[in-house]
Amino acid sequence: LIQTLKKEVCRANLDLVREGLVVQTWGNVSGVDRARGVMVIKPSGVAYSSLKAEQMVVVSLETGKVVAGRLRPSSDTPTHLVLYRKFEDIGGIAHTHSLYATAWAQAGKGIPVLGTTQADYWQGAVPATRRLRTREIEKNYEENTGHVIVERFKNLDPLKIPAALVAGHGPFAWGKDAGEAVHNAAVLEFVARLAAETLRINPKAEPIQRALLDAHFLRKHGPASYYGQAETT
Amino acid sequence: LIQTLKKEVCRANLDLVREGLVVQTWGNVSGVDRARGVMVIKPSGVAYSSLKAEQMVVVSLETGKVVAGRLRPSSDTPTHLVLYRKFEDIGGIAHTHSLYATAWAQAGKGIPVLGTTQADYWQGAVPATRRLRTREIEKNYEENTGHVIVERFKNLDPLKIPAALVAGHGPFAWGKDAGEAVHNAAVLEFVARLAAETLRINPKAEPIQRALLDAHFLRKHGPASYYGQAETT
Amino acid sequence: LIQTLKKEVCRANLDLVREGLVVQTWGNVSGVDRARGVMVIKPSGVAYSSLKAEQMVVVSLETGKVVAGRLRPSSDTPTHLVLYRKFEDIGGIAHTHSLYATAWAQAGKGIPVLGTTQADYWQGAVPATRRLRTREIEKNYEENTGHVIVERFKNLDPLKIPAALVAGHGPFAWGKDAGEAVHNAAVLEFVARLAAETLRINPKAEPIQRALLDAHFLRKHGPASYYGQAETT
Amino acid sequence: LIQTLKKEVCRANLDLVREGLVVQTWGNVSGVDRARGVMVIKPSGVAYSSLKAEQMVVVSLETGKVVAGRLRPSSDTPTHLVLYRKFEDIGGIAHTHSLYATAWAQAGKGIPVLGTTQADYWQGAVPATRRLRTREIEKNYEENTGHVIVERFKNLDPLKIPAALVAGHGPFAWGKDAGEAVHNAAVLEFVARLAAETLRINPKAEPIQRALLDAHFLRKHGPASYYGQAETT
């Protein structure tokens, strides 16, 4: 039901606040219903304190037009649409201006895997996109923001690298649904800060070994994972 | 009514606390009523915990004299007066000693536009003033603080650059009213921290492209803005 | 009674949250009952908000097998077992991903004793281990994590240096029981941040004098201690 | 009455917690009654959560002996005594391990006056002492800690510079009574962080001009002050 997705997306937007990722009213979360061909997203510029599920806006995945809801969708809607169209296995997207992830994006640098904390979630560095070109900014800016992310992932699997940093702008994180997208955005913020502090202590700190990276990612993800409880527990 | 402005200015002062911008009792917010030719400002050195609207002090914009209120106005009153006289379209001013904005002021450096977060509020760098000269300090110090800000804005539009950093002192932010001044002071603090963290990650980080700066500022401000909800919503 | 130890270990795990050391669900605390030959540890991947004493898992110190409890023990269980077997006087272990201690671990650097705060708890630097070798990662990874800690302590007394930083991973702290292990993990996090800030202010800051290090450690620990109240008070 | 001073000192110790200056149980505040020749100080190693006025310990200013109270006084008692004996106009002392002030102490560096925030409280840099010599540590360590502070203030006025950083240890702040000592310790922590952030943004940041330093200190302190409300208000 579309009502269920609206509630889920509204709750995920409020989780952004709970996780300390929201500064002022910035940031937005969406979720997708691929069977119906629609995306549900936060309305533009509405205060989180008064956010309600019925205010969520339903947008056609194909046309980008609002199909239900009386408010304007987030101004970043075209970015979300491009990501859902190109990354066919993701179900939710979270965009924030959280401090440390945004600092890395402004620095135009990807976050190297300096420890197992990042390896538990990303099977590699968190990549930064290139800067947009002037004509990409002047026309269809938000859509082109999606395109530079997709371009950056040409040889990367978005399920194994569930976030990107848009140069000069900020992070986009995703997951199997809106809730997981927000969880990944929260871990990204921690990992961004952790990497910054690490390099301050040792500017020559090296990424961890490939074997350690894979061991940690795979003990949490995939068929051989052994973290947490078995489903039947 | 002057009572309405007093309430608004009192609330804006308390918002400073809520936004985490107040350290001890430092900082002050004012609002102006240009039709009546008066400014309303926080009394000097009064604890925020017991601040009441009736304690706000009313000062003549022309003479700088207290025209109503039993308490002394903030010791920074002459700075506010200069800004209202010279920046004719602003309606509120907030002065804080918030950590990161004050650090940039102490560093004597303007905050470069390293990302879209700053571009959403400032159509350029947040400028730092020059240091005051000895004679400017020894006589009419607070008034001269206003003058160095105005001097720095000779070729800048205060509505497009709604804050300044006074070298060796701290930030002044402004807006169309006292509430917006506090909001801009809060965003300034975030942007100041964000820029500091960015340059720590990449000391060679470059300001964003002019096209991106304008696109972000203009999607939130001016006739072609498309952020948030239409007024009729 | 094993129930008492379960309660103590559960409480110590919740103290991790109270001390601000928990990020998401990461981290785990255990306690040992050497008379019974068992270790009690947090179950794997269970949210702290719903953690109960009866969920704690009892593991044989000798075989490493679960002897009581329906849930899987923490995936770091083999690391804890190695430490209890080799450090015969410790009674509790806490593993966290707290920000600054993890940053030092990722930096691959021990924390030098730059002041008396650290000397009150560690009679020397907090040591970092070497990186694990590929074959140590590919087989018995968690057990080998314990071994590199023990290897690093060849010439160190674990009671006088109650924590280690595993390179590229994070901190393990210990103490006479689970509660003290968590206390030491909390102090470690503070000391890690303090050392990082100190070196930022003065990159050439030197460790304190040996006499001062010993004076502070010994005024809190051992027969000549004179900090706090006498037992009879 | 001695009960009044005990309450005041107890409240000031709890204010340390409220100001966020307490880490674990570290830190202590005292107040003096020069007419009676006694100092009142926190007992050693007692948790702040259960601190009561009747637990405060009364110590003779002349002999250093406990004259009332059943608990041991803070282990830093001899340091406080030296300061009261040598700085004859101070009435309260606060010692903390607050993060940034302690980092400057560990760095062995005084805090330069980089802005007006510090100038409002200190008419100059916050000085760091020299390191103690081995024999000063091995015998009468806490007393000698007081002596190196006094030595550092040979040409400084403790009322115009109400704090010192003991090299490799941490800050001591003071004031006209215990409450003001804690207030100064809180401002010191802010100023310590502010200076660290400033120098990170601009490692060549210069102290403010002498005229500005004096103008700010004197507008808050001394006969010509004009900050706050007149006493009769």
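Lettered A, B, C and D in written order, each chain numbered from 1.
Everything that follows uses one rule, which is that a residue touches a chain if its C-beta (ideal position, glycine included) is under 8 Å from a C-beta of that chain, and two chains touch if they have at least 3 such contacts.
Everything numeric in this text was worked out from a predicted model, so none of it was measured.
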Revision key, fill the gap. Note: chains that touch chain C and chain D both are none
Practice item. Compare the CA centroid of chain C with every other chain's and tell me the farthest one. Key: B
Check your understanding: Whole-Å distance, chain A centre to chain C centre, using C-alpha means?
Key -> 33
Point to revise | Where chain B and chain C are represented by their mean Cα positions, the distance between them in whole Å | key: 47
**Study point:** Junction residues of chain C, two or more chains touched
**Key:** 199-200
Exercise for review: Sort the chain contact graph into one of these: line, ring, star, complete or other.
Suggested key: ring
Practice item. All pairs of touching chains, please: list them by chain label. Key: A-B, A-C, B-D, C-D
Practice item. Please give the residue numbers of chain A that touch chain B in the complex, ascending. Key: 23-24, 26, 43-46, 70-72, 75, 97, 99-100, 102-109, 131-132, 134, 137-138, 141, 168-170, 196, 199-200
Practice item. Note which residues of chain B are touching chain A in the complex, please. Key: 114-117, 183, 186-187, 190, 193-195, 197-202, 205-206, 208-209, 211-212, 215, 219, 226-230, 233
